[in-house]
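These are the structures, in structure tokens.
Here come two complexes built around chain A, the first alongside chain B, the second alongside chain C.
Now for the complex of A and B:
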């Protein structure tokens, strides 16, 4: 029988080449199976619109050329880039700074990590075969995702963060990702956060870089939330306007654990944030919110899979997309409720505000329910700003643009309000205001 | 103060106002009564500048300036205030944020400086006390989860804060219980002053027991068909609108 092979795209061929040349430096590692990951990726290739999960975000078409993995930058270059970085800048936090995907110790607070929290740079962890590496990739479905597998194959840096049982640090840890340079490059970082029982931990994560450079970050965050532990995560994507930003968040929740994760996207020409939630223990509570504010030419994709495999999980997922110009928003959300997951209470909603006639929004909410005693719902809306509301505001003296801005801010604000950390919430609101101001 | 000359308005080919003429003098409280469908709410929206209406002819002059040439926000800055029959809920917009944004937008449009935060808070608190508005409500999103009466009180609070010249009250009494009606009316009466006029639109005479008008106009089929003193409202309460409906049919 004749074997039919898909023609490989130049980017796919480029990735194979890059992997071949990079594998020499990976050879000594046994802790992660890069080889297996890359073979998985090679079998699927860059997903195109023919793959259901990537129907609206065709990476094969979007990534014309595979950018080479970034070298570690010089300290001066790193300092210059970090000097102008604004993501969560004013907030008191212990910072782990990654420039072009490499941890810069001199610009990080490794000696100021809150008590009870340990941070092991990924380089060290890989070199000594840290036992915690076994807990990477805690969600099975993520391991079937080509973007995530590509991250594993090229994993260059990152950190293992462990929060001891019962520890509740006052200050958050800030993962500060900054890009710099004038030629295209790719990054692949992986951070694993493990919260012991009864711990409480806040993580900030910001991604930014220069305009006009095709940077291809592919970052992954794996989180295991122990029994009764609480994980709070605020993420900001203000990447440069030519960046193709891929990211994966994998969350595993043990009994009575809670998670709050809020992601605001205003940057990147194309971004895809994949969130995998595995509800492994009973009586968990999850809030997954996202907001995207997009200008002409941008595409932002939020893809969520929440897998309830235990009793009594409460899930609230709210996504807001504001679309200007001919931008495209994508929301794909799936809630799976397994037979054992009785009393699951899940609500997922995606709302879109179209500021022009040219923009588009792709909403694909799905429920797969195998248990019979659950309360689950999903909804999606899409529309222009309400003329009656605009008139009401204008009749009180607000000019049309200001009235529209107030409505947009209110619309997006609903998803950002969930952020518990006051400074992080204010930072997101600041970004929303800046976006509106730039729009005029 | 306000002069409406031969106003002709339609919406989707439906003629609503048919050459309406109306004058409201400085400091005057004018009431407009009339049966359903006579065009009362349309008149209030057209004064405030809602887009859905097509003005085919006429003028609306506020102190000699033609409102029809202005955007709704410009009319507000010029001193027009419409207390809505159904105030809208705006989720996500905090009441205080909204109030301050509106006040400052109007001040900027008039070339005045922005109000200081302490002055603003004092002004809001004073108005809220007068209208018996719970301060907790001011912390919530605008009108979200408010009762009908609370929304109407919030409209009057906005009116007090924005100090307009010409206030249009569109069926402010609808949905109010007796106590709320009294509170709202007292709030309006406290704002009666030289240099401020009111157009009070209502179906019922009861509101006019509280806000006593100087003039009462009867509107029918898009025109003012009768004008009198406050006693006209009592006559209408006794005889109903049948006469005006008949004249429409004739």
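Now for the complex of A and C:
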């Protein structure tokens, strides 16, 4: 019964080399343990389909070569890239602009941050060993994820955002990630958001870049939501068509905290958005929505783990996937209800519309329940647009294509509706309409 | 249907030690040497007077097995089986009964105690003729009796121990054996292929509706033995058969292995209905002893418009690892899976199904009801997949879990893979406890808490019980109530 050891792939070997050479530039004493993170990654390697959590998204096969970490771009290049960036443009917000994974102060509103909110650029925080760094990676399960650990190992920039207790800023903060360049590169950013008790905070996050370049962003957002605090998060992935986008969102909720996070994906050739939710306090409320609209050749993976470890948590998770051409949609969701988490009310749903015969959808909604006084459920559906509904619309004079567009828009719209911030919601709907228009 | 009072009385009548089939029959046995080796495989094959091809088939499986690893992905934890410390063959010493009178009376008594009618006359006395059931009784490694053989022969139905079928119908067996569950399928199936000693073989000729229900009763009796039976059912074009399977074992402190393989083949327009009431010894309340039930069951809807339906009531076994599946190859074929899995004490169940849609307009339906009580863990694991060519495939899945007590766990792990747009898949799962309101409503009408729970549980599993043949349904209902004894209040 021989053990079979995987040979290291060229990308894995490349990452080891890159880590060795990057090591020199890391500060000697850091609050983050890059070495440990990289050793963890080296032990697991790039996850292949043999790893259960990556069954449908084989990163080992998808990442042929490890792209080198991006250098900070020149200000002119950054300005040019940001000039054409459209993600959440026009919405009033305090912007933190990252070009190729590096914070560009000149293009950020560091002096216009709302009162009661402090922002420390990650570079500064790492250099002075900011105490808040200890609060990174608030969810234990995320620390067992090789993608997340890779982000820690190569962490280049980001920000520490702290919202003081009771503060409810009117304007959101916008994390604007823009890529530029003609040769492949990778980025690793991490943003930590801490909400004090009774605070309310909205965060917008957009990711975009040029077509045709194999950019490999690996972004992480860590959020700790204090007692009775409310965190709202709207994320938009409109990356270029050759980008391999990996991202992790870790959320920890204290008592009576609430979270709303909505992610829309239309970009990237391969994207994987991992969401870890740790319900640490009683009576929390979580809404996690996702929508993916995919064209030929794309793969989008939404992976969610909601760990209820406190009483009375309410969770609503809704994912919508629209698949055109030979695209692949993946949804993996797991609700864990620990024995202490009585009265948990969790509902998870993944729906998929397949517009062509070539597309495919992989659904894996899981429940793991150790408490008896709970009401948990999950549902998954998959199929082509309903012919009866199409007929109904066409009978009212709409051409078939327009009728289908209308149905698709209504279908995806359901998960986007949850966005509280009006401007952000309109921006997502705009992206949905643009996708449908481009499809014709 | 719910027979509530009867259920309650029955629960009451049984003392704390609820497993009533836990007795042991003392009988002289012939066994292979302990452990597994090429010699043991040869020994088993020789015992069965098998042809050379069969021996070769077993040896290939054995060699393959040596290279395989025990699967670890299921949500069960148990002390690994020591494969060198098991008898792979155990048979009652008295040989080859020509008629029931020649069977060791101890064995007959055992089946009597289990309520399995081996004497045809008893069946005739007890039950109306149209509800007769032909029984193949397997005691440890061998089949001891098959009833109603003559009558079945008249209809052209072949129903006999597989060891006999290998000798009498080698072409049929050779054609179909391992064609649904290949020798290399998985660790336990490969082990079974190497060492299986008996099981049932059924062949229904074209256009024949099997005149009675066929049944196999499996009994593990001997200590330190594994039971490895193999069942092969072939329903030729346009035929129909309903097959029932029941299992029990004595109470022991150590764990025993049961690794069976069941293969079903349905050709054009044929239908197979396979029902199981699995009641292997589940171990005591502290998790000591009990059967490891690692079973591979798969049906192949090979022909157009064929249908395979699995119905299972799982109440026994310390560990269950079992996924009765359907390969829907023929166009417009249909697969069904109805399951009730009840776990109590320290039992662990990881069970579910696979519906693999390959043909056009294939349909499948999965209804799974899991009930966890005590400190047990109950997992539903299932796959529904539609191949690119499976145009118009449809699936509906419903898996509900009920938790009784706060020490147990209920888990759902479904995989839903759709590779074409015209396939329509719907999946829903819920987990909840027995609603206080429902219980209050029943208690207000004079039922005790235990009665109310039994009534609600009966309602919860009704969809599945309705799929069982009548006698089985009654037995299953009683079993469920017994299994849940002590979990209320």
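Here is the rule we go by: the second predicted complex is superposed on the first by the 433 of 440 C-alpha atoms of A that agree within 3 Å, B and C clash if a C-alpha of one lies under 4 Å from a C-alpha of the other, contacts with A are read in each partner's own complex, and residues count from 1 in each chain.
By our rule, a contact is a pair of C-beta atoms (placed from the backbone, for glycine too) under 8 Å apart; a residue touches a chain by one contact, two chains touch by 3 or more.
Here the structure is a predicted model, which means the values were calculated and not measured.
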item: First, second, both or neither for A:354, with chain B first and chain C second; value: second
item: Chain B versus chain C as contact partner of A:364, first or second or both or neither; value: second
item: Which superposed partner A:111 touches (first chain B, second chain C, both, neither); value: neither
item: When both partners are placed on the shared chain, which of chain B and chain C touches more of chain A; value: C
item: Which of chain B and chain C A:422 touches, first, second, both or neither; value: neither
item: First, second, both or neither for A:182, with chain B first and chain C second; value: neither
item: Complex interface listing, chain A residues touching chain C; value: 1-2, 52, 339, 342, 352, 354-384
item: Complex contact set, residues of chain A against chain B; value: 387-389, 391-400, 402-403, 406-407, 409-411, 413-414, 417
item: Of all residues in chain B, those that touch chain A in their complex; value: 48-51, 71-73, 75-77, 80-82, 84, 87-88, 90-93, 97-98, 101-103, 105-106, 109, 141, 158, 162
item: Chain A-facing residues of chain C, complex; value: 66-69, 73, 388, 391, 401, 403-433
